[in-house]
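The same subunit A turns up in both complexes below, where it pairs with subunit B and then with subunit C.
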Partner chain A sequence: MWTFALRSLARQPGRAILGVLGVAAVGALLFDMLLLSRGLLVSFRALLDSAGFDVRVIAADVTVAARPRLDGSASAVAAIRSLPEVEDVVPLAFGGARTDGRDGAPLELFLLGAGPARRQPWIILQGRAPDPAAGAAPELIVNRNLADRLGLHDGQELILRGDCGHEPAATPPVRFRVTGRASFPFDDPRALTAATTMDELRRVCGTEDGDDADILLVASREGQGPMAAVQAIRARRPDLHAYSNEEVVARFQQVGFSYFRQISTVLSSITLFFGFLLITVLLTVSVNQRFAEIAALRALGFTRRRVILDVLAQSVILVGAGGLVSLPLGFLLARRLEAILHAMPEIPAAMRFFAFEPRALGVHALLLMVTAVLAAAYPMRLVARLPIAATLRTEVVT
Partner chain B sequence: MGPLTALLLIATSTAAAPRATPPAILVSRQLLEAEHLEVGDVVLLSADPKGGQPRPFRIAGTYEPVPDPAHLGAPALEARLHLPDLVALAADPADPASADSVQSINVTLADRKEAPAFMRELDARVPGLLLRETAAADDRDVTFVVLDRFHLAIAIVTVVASSIFLLALMVMLVDERREMVAILRLIGLRRRRIFLQVLAEGLVIALAGALFGVVLAVALEGGFNRFFQWRYDTALVFVRVTPAIASRAVAVAVPLGILASVAASWGLLRQGALSLARR
Partner chain C sequence: MPAGPVVAVRDLSLRIEPGEFVSICGPSGCGKSTLLHILGCVDTPTEGRLLVEGADVGTLGDAERSAIRLSRIGFVFQRFFLLPMLTAAENVELPQAEAGAPRDQRRRRTAELLDYVGLGRRAHHRPSQLSGGEAQRVAIARALANRPRLLLADEPTGELDQATGQQIVGLFERVHADGTTVVVVTHDLAIAARTPRMLAMRDGRIDEEASR
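Showing the complex of A and B:
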């Protein structure tokens, strides 16, 4: 059956090639839209998981801009750390600071303070993390952008002036010693980020007496799972709001970048319809031109089922070949589109709009297969209803 | 004054309102609906995220917030207060300066072109202010420039796919008319004459297709907008078929259609009449 269908297509190679190319183009777009529909969620989840913390604890269930800081973070950390479901807790506070650029112009940077913990919410690339028990000079770890911008190397000193916003105080400059370079998961490509200990961040911000944090990152104990940790935290500290990474992603799915999910749904539907139309037209015209041949085959003994399956096989071959070509095309197109979208401000460098997951491949194949069957339905109906004797007579007369 | 970081909203009935009329506020339509409030209700607002030191306000009306594409999907739960009320609500008792400070001051100039000179002068007179021209590009503009580029890239891929589809259709059309072309050639029509006919046919088909596309886009415009406005609860306009966009679509589609006709017919036109007839 397949050989016969292939020969039928090969008789009109130009038409078959155009059919395959058409399906490849719409298939590539469809593949990209499938990657886009879940890309941000997949990469956001990967970012959340990247530092090994699977639960987030905040002070209030409100948007980031309106979120209050978590007062009494030390007692909250102690309470959560004592839970058997919890492996580790690190309080984080966010602030800002200014320093002098190489040209003397002020440079604003994002400053992060982390409490003592076994795990750190960043990935060390070179050197070591700031040590709370360091000697005279407080320590600082910087991201690659900041290190390159200021030409920083390990052991070099950097003076920071706090600019933390939430406390309108004029703070004295603090002299730090750089201990290494780190990668911060949520940095955007242009971010200038540095991290130090919680105490030093408070010193820079002029809030030495404070005991607040922006967020607590929690790692659940192996074998217990994040939901068990979340339940335990909610039971121990009902005044706090704990969420597993899965819950954070679910909330992000509701509000964050839903535009891309919508556009991917609309474009996927349009591309599928387009592919369906293309294959239907190709096969219908082809069948119309082969009425005499099909009637002759039937007269020679080909069953109705056999000629119907021939049309279906042609559709599957066209869509299958186009679908295969569409995958590398889709990957290339996704890279180009990713580069375009990544120019958006404040998108973490590690975030991907088009994130590959095997599920997308399966859905792509399934959708194309359904398209192939649907596109073949009308020409198959034509073939099934073809009156053999009348068609042969008409062909002979004409 | 620090930013008003949170609003605690406790709705009470009009009957429960205190005798002294509380200050009036406007609330967004979305907030009114989300909290099942009504005009005339008295609500308690607080600048403290934990709801400390709330003050009563009377809902004097509702408004539709200016649609902001940057906050698509996030409901606009907003309220508008008179500036003195907001300053009094958000002022920090420990910071006397907070009762006399605002985050920004909007200035309308008599002549918009004077903005750079005005900013230079103000900067010289009041150092330390952050001055910004509202017409200047910001991050949100960059976001929409990026989205524009993304849409353009998607449109190019769609046009490529459409062109292949069109070419396939034209190849089939021409193939079906092989015998007719042979007859035309045999009765004396020149290649040039047939080529012009193919060109004219391509032009008519492309024009009809492009116009149908524009009419379809205009017809679907309202439906698209209504769906997405309902989906995101916003007054934003998502699709707008402007004359410029329609012209651009026609300007791309028509040459492509003609090109597809010519490309599909090229092989046929190059063959001799007898070769075509002997098929």
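Showing the complex of A and C:
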């Protein structure tokens, strides 16, 4: 059956190639939409998990971007750290700072302050993390962009003036010693980021007496799981809002990422419809041109089921071949679209809009095969209802 | 004039014995092709019965009638209807493959049949590379592929010149001599004259006086 269907398609190679290319284009866009529908979620989840913290604690039930201040962070950290379900806790505070660029123009950067903990939310690429007990000069690590921009190397001095946005205050500049380079998971490609201890960040921001943080990152104890840690934290400190990474992703899915899902659903449906139309038209034209031949095959003893399956086989071959070609095409297109979307500001460099999941391949194949079957439905119906004798008679007359 | 049902064949009773060589002739529109299609289980009579070797074909479903056509009836068409993307040999193999014959058996039978119709050397040629007479001989070979007991031919020489048409009739005579029942529909009286039994049709009926 497959060989026969393939030979039938090969009779009109131009038409077959057009069909395959059409399905390839449709399939590539469909594949990208499938990647997009969950890409951000998958990527965001990976990003959240990358630093090794699986629970986040904030002061209010809003997004972190709203910057709810968590007062009394020291006692919160102590309370959470004492829980048997918790492995480690690190408080984080966010601020801004300015320094002078190489050309003397002011340069704004993002400043992160982290409390003492065994784990930290960055990856050291070179040098070491700031050590509050190291010596007189406060220490700082910088990201690659900042280091390259200012030509910084380990041991070099960097003067920062606070710009933390709480209240405008003329805080004295702080001289830092650069101890290393690090990568920060949520940095966008152009970010200028530095990190220091919580105390030094407060000094830069002029809030030395403060005891607040923006967020607490928590690592659950191995074997306990993040939800156990979340429930323990909620029980110990019901005034705080604890969320596992999975819950954070779910919240973003409902709010922030739903637009991408909706867009991908609409575009997927439209592309599938065009693929369905293309194959239906091609097969219908082919069947119409072969009515007499099909009637002759029926007269020779081919069953109705056999000739119907031949049409279905042709559809599956066209869509299957197009589907295979669509995958590398889809990957290439995804890379191009990824680059375009990453030009949006404040998108973390590590975030992927089109994150690959093996299930996307399965869904892609399933949708294409369903399309192949549906597209063959009308031409199969034509073949099934073909009156043999009348068709043979018409062929002779015409 | 309003369109309505066309009575192609009426008041017709016909019996064809195994081993007969029968021609059905008549003017265009007399119902001879319709009769052939009924005999070949391609069409079903509106009234009446068709018995093939004693079995009432009208009570059978499409799959059973297809099975009868595949194994017991061979069809030869005016327009040959060879599949253009297959070679001569592949066209002859096609009904055998459909009947489930193993590959070796198909190839042997195909070679035998193509030799039988005098085209052993054209096995790997496509229909577009064959003359009309050669294409019709391949079609006859295809019709004989599953050793049918009944060979039906609808205007088999309609697309051929006189001389080639006579060659084709000669091939039918040989098939008949080898034991197959042959029924040929034709409007060519010269061809009908070569068959032992001729049925003349007019207005959907058999004209007994004109038949022999």
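Quick note on the criterion: the second predicted complex is superposed on the first by the 390 of 398 C-alpha atoms of A that agree within 3 Å, B and C clash if a C-alpha of one lies under 4 Å from a C-alpha of the other, contacts with A are read in each partner's own complex, and residues count from 1 in each chain.
The criterion applied here is as follows: a contact is a pair of C-beta atoms (placed from the backbone, for glycine too) under 8 Å apart; a residue touches a chain by one contact, two chains touch by 3 or more.
Source: prediction; values computed, not measured.
Trainee: Tell me which partner touches more residues of subunit A in the superposed arrangement, subunit B or subunit C.
Mentor: Comparing touch counts on subunit A for subunit B and subunit C gives B.
Trainee: Look at A:157 in the shared chain and tell me whether it touches subunit B only, subunit C only, both, or neither; answer first, second, both or neither.
Mentor: neither
Trainee: So, does A:148 touch the first partner subunit B, the second partner subunit C, both, or neither?
Mentor: So A:148 meets neither subunit B nor subunit C here.
Trainee: Could you look at A:68 and tell me whether it touches subunit B, subunit C, both or neither (first, second, both, neither)?
Mentor: first
Trainee: Go through the superposed model and pick first if A:341 touches only subunit B, second if only subunit C, both, or neither.
Mentor: In the superposition, A:341 touches subunit B alone.
Trainee: Going by the contact rule set out at the top, does A:389 touch subunit B (first), subunit C (second), both, or neither?
Mentor: Only subunit C is touched by A:389; subunit B is not.
Trainee: With the two complexes superposed on chain A, say which partner A:22 touches: subunit B (first), subunit C (second), both, or neither.
Mentor: Once the two structures are laid over each other on A, A:22 reaches subunit B alone.
Trainee: Name the contact category of A:49: first (subunit B only), second (subunit C only), both, or neither.
Mentor: Touch partners of A:49: none, neither subunit B nor subunit C.
Trainee: Which holds for A:274: it touches subunit B only (first), subunit C only (second), both, or neither?
Mentor: first
Trainee: Who does A:300 touch here: subunit B (first), subunit C (second), both, or neither?
Mentor: In the superposition, A:300 contacts subunit C only.
Trainee: What does subunit B use to touch subunit A in their complex?
Mentor: Touch residues, subunit B against subunit A: 2, 5-6, 49-50, 72-74, 95, 139, 142-143, 146, 149-150, 153-154, 157-158, 160-162, 164-165, 167-169, 171-172, 175-176, 228, 231-232.
Trainee: Can you tell me which positions in subunit A touch subunit C when the two form their complex?
Mentor: 7-8, 10-11, 292-293, 296, 298-306, 388-389, 392-393, 395-396
Trainee: Touching residues of subunit A toward subunit B in the complex: what are they?
Mentor: Counting only subunit A, the residues touching subunit B are 12, 14-15, 18-19, 21-22, 25-26, 28-29, 59-60, 62-63, 65-68, 166, 168, 254-256, 258-259, 262, 267, 270-271, 274, 277-278, 281-282, 285, 289, 333, 336-337, 340-341, 343-346.
Trainee: Which positions of subunit C touch subunit A when the two form their complex?
Mentor: 33-34, 37, 40, 42-43, 62-63, 66-71, 73, 75, 77-79, 81, 83-86, 94-95, 98-99, 142-143, 146, 154-155, 158
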